[in-house]
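Across the two complexes that follow, chain A remains constant while its partner is chain B and subsequently chain C.
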Partner chain A sequence: MVEIWLIFLLLIMIIASVVAIEVNSKLSAIITLGIVGLGTSLAFLFMQAPDLAIVQFLFEIFAIVILVRAFINPTKHQDEKSGINKFLAVCTAIVLLLIVWQSLDMLKSLPEFGNPKMDTAQYYLDHGAAETGSANLVTSIILDYRAYDTLGEVTVLFTAILGALAILRVKSKKKVEVSE
Partner chain B sequence: MILYLLCFILLLIGLYGVITKRDLIKIILSLAIMEYAANLFLVLFAYRKGGTYPILEEGREIAMMVDPLPQALVLTSIVIELGITAMLVALAVRLYQKYNTFDITKIRRLAG
Partner chain C sequence: MKEKHGMTLIVRTITRISVWLIFLYGFYIIFHGHLTPGGGFAGGVILALALLNYMLAYGREKTENWININLLHDMESASAILFLIVGILGIAISGSFLANWLSGGKLFALFSSGTIPILNIIIGIKVCAGLFFVVWTLSIFHIEEEAEE
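After this line comes the complex of A and B, so read on.
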């Protein structure tokens, strides 16, 4: 049952992503991306990952707000036509189809859906509650067993936001210098 | 198997967009699609048939819980993706201010 729902969701997401890439209007493309992201969130919910679903939902809202704020300019709304190189597009499509065809064997060799290989995770499931005192085993892994990963994540996030602010600031700083 | 294939196709659609599109916005959107597909792929491995979410409660069996490890790692990667998207958007906005276009074939001049 879950599998059928997931196939349905993934088909919707594939259609939406094709639309998001091919549609001409910027606003439509960004909103269609929202369908893909919310579909991912719903898929996480189906696969029994409520924490992930909430985070993905928030991420999606933030991403859409950022994209719309940055790229949609109501005063001079113009959708410049982004022509694509037909030859390059056809070549890429053929190569990607070849990759799909070649990857069928690889996908068959993966563990079957519904039977995860749980070597490390079984230890976390068995001992997580006793060793960390957390009822939610996902948070016990993030904040205890793999706390250094989380530290690295926070560092990366901090650096990325700092970088974004630095990139956006350059012009205003120059203006201040000129005016002084 | 079919789920893995569909997820892989989603990833390749994103890759197609990154390679062929000239519009910077489309490239950022394609990158976001690839990120979703990669996250979904990892979580697909974690699912156990008839499993429950990995939160301990009264009367809940540990043996039937889904794998919490990919979920924890994907949680990390989702947050990083937000930072990456914000930084890409900032770069694109600066490029637009300088060149007045999002078309990457027209953005040729080096800084100066």
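After this line comes the complex of A and C, so read on.
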């Protein structure tokens, strides 16, 4: 049953992403992209991963706000109409089909849906609550068993924001100097 | 009372109430990260969205009066160090980096599971300040571009 819903969601998301490319107005394109993100969030919910669903949902809202802020500016960003090179498009399609055809065997050898091959997941389910005292097993994994990964994630966020601040500040400082 | 930035009176009135509700929800998600779905990361994004809501409704200048931007900047940097301090305390007390050096406590209690709620709060502060800063810097950048034209 879940699989049918997932396929339905995936179809909607594929249609939405095609519409986002084809539609003329930028605002409509951004909103249609939002459908893709919210569909991903719903898919996580169907697969019983509410933690991921919450984060995906919030980040979609955040991304849409930033995209609207960045692109809805009538004076700037005058985009050129780019025609599609038909030869290149056909080549890309052929290469993609070849890759899919070659990887069919590999896809067959994947473990069944919902049955991971690793034993660690079962260990976390059995001992997680007793060892960490956290009722939410996802949190017990990311902040206890795998806290080192979370430290890396925090560092990545810190560095990314530092870089963004530095680049934008440098640009605005240069402008101040020019205007002086 | 017409101001240059920000939105209409209706939006402002709703925002005045809704910002606090969003804040409440964000803190709930952070503090209950070890009990219910969510956690520091999701809660931090909710807090950042609350600040963003205020900024969109009232404009940049009022936001600058409302929250201390420099304090937010310091909190963002300090939370990265606090995370490391919690980890190093793990070496000192339990013998390994980022070990859970507090007692687990009772399952399903609000104050349980050792260092996990502490780390959740630290990550929440960090994500909230960091994401709000991205939007803040982008808005400054845009204003300077417009001023130049």
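Assume the second predicted complex is superposed on the first by the 159 of 180 C-alpha atoms of A that agree within 3 Å, B and C clash if a C-alpha of one lies under 4 Å from a C-alpha of the other, contacts with A are read in each partner's own complex, and residues count from 1 in each chain.
We take it that a contact is a pair of C-beta atoms (placed from the backbone, for glycine too) under 8 Å apart; a residue touches a chain by one contact, two chains touch by 3 or more.
A quick note: this is a predicted structure, and the numbers were derived from the prediction, not measured.
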- Message: Quick one: is A:A164 in contact with chain B, with chain C, with both, or with neither? Answer first, second, both or neither.
- Response: both
- Note on the structure: Counting residues of chain A touched by each of chain B and chain C, the higher count belongs to B
- Item | Touched partner set for A:T132, first chain B, second chain C, both or neither | second
- Message: Just checking: does A:I61 make contact with chain B only, chain C only, both, or neither of them? Give me first, second, both or neither.
- Response: second
- Look at A:M13 in the shared chain and tell me whether it touches chain B only, chain C only, both, or neither; answer first, second, both or neither. first
- Task: Give one of first, second, both or neither to describe whether A:T40 is in contact with chain B, with chain C, with both, or with none.
- Result: first
- Query: Once the shared chain is lined up, is A:F71 touching chain B (first), chain C (second), both, or neither of them?
  - Reply: first
- Task: Scan A:D149 for contacts with chain B and chain C and give back first, second, both or neither.
- Result: first
- Message: Shared contact residues on chain A, chain B side and chain C side combined as an intersection?
- Response: 50-51, 55, 59, 62, 66, 70, 129, 135-136, 138, 142, 150, 157, 161, 164-165, 168, 171
- Message: Quick check: in the complex, which residue numbers of chain C touch chain A?
- Response: 29, 33-42, 45-46, 48-49, 52, 56, 76-77, 80, 83-84, 87, 97-98, 100, 103-108, 112-116, 119-120, 123, 126-127, 130-131, 133-135, 137-142, 144-145, 148-149
- Task: Please give the residue numbers of chain A that touch chain C in the complex, ascending.
- Result: 50-51, 53-55, 58-59, 61-62, 65-66, 69-70, 73, 75-76, 129, 131-136, 138-140, 142-144, 147-148, 150-151, 154-155, 157-158, 161, 164-165, 168-169, 171-172, 175-176, 179
- For the chain B and chain A complex, residues of the former touching the latter: 1-10, 12-17, 19-23, 25-26, 28-30, 32-33, 36, 39-40, 43-49, 51-57, 62, 65-69, 71-76, 78-87, 89-94, 97, 101-103
- Can you list the chain A residues touching chain B in their complex? 2-3, 6-7, 10-11, 13-14, 17-18, 20-21, 26, 29-30, 33, 36-37, 40, 43-44, 47-52, 55-56, 59, 62-63, 66-67, 70-71, 80, 82-85, 88-89, 92-93, 96, 99-100, 103-104, 107-108, 110-118, 120-121, 124-126, 128-129, 135-138, 141-142, 146, 149-150, 153, 156-157, 159-161, 163-165, 167-168, 170-171
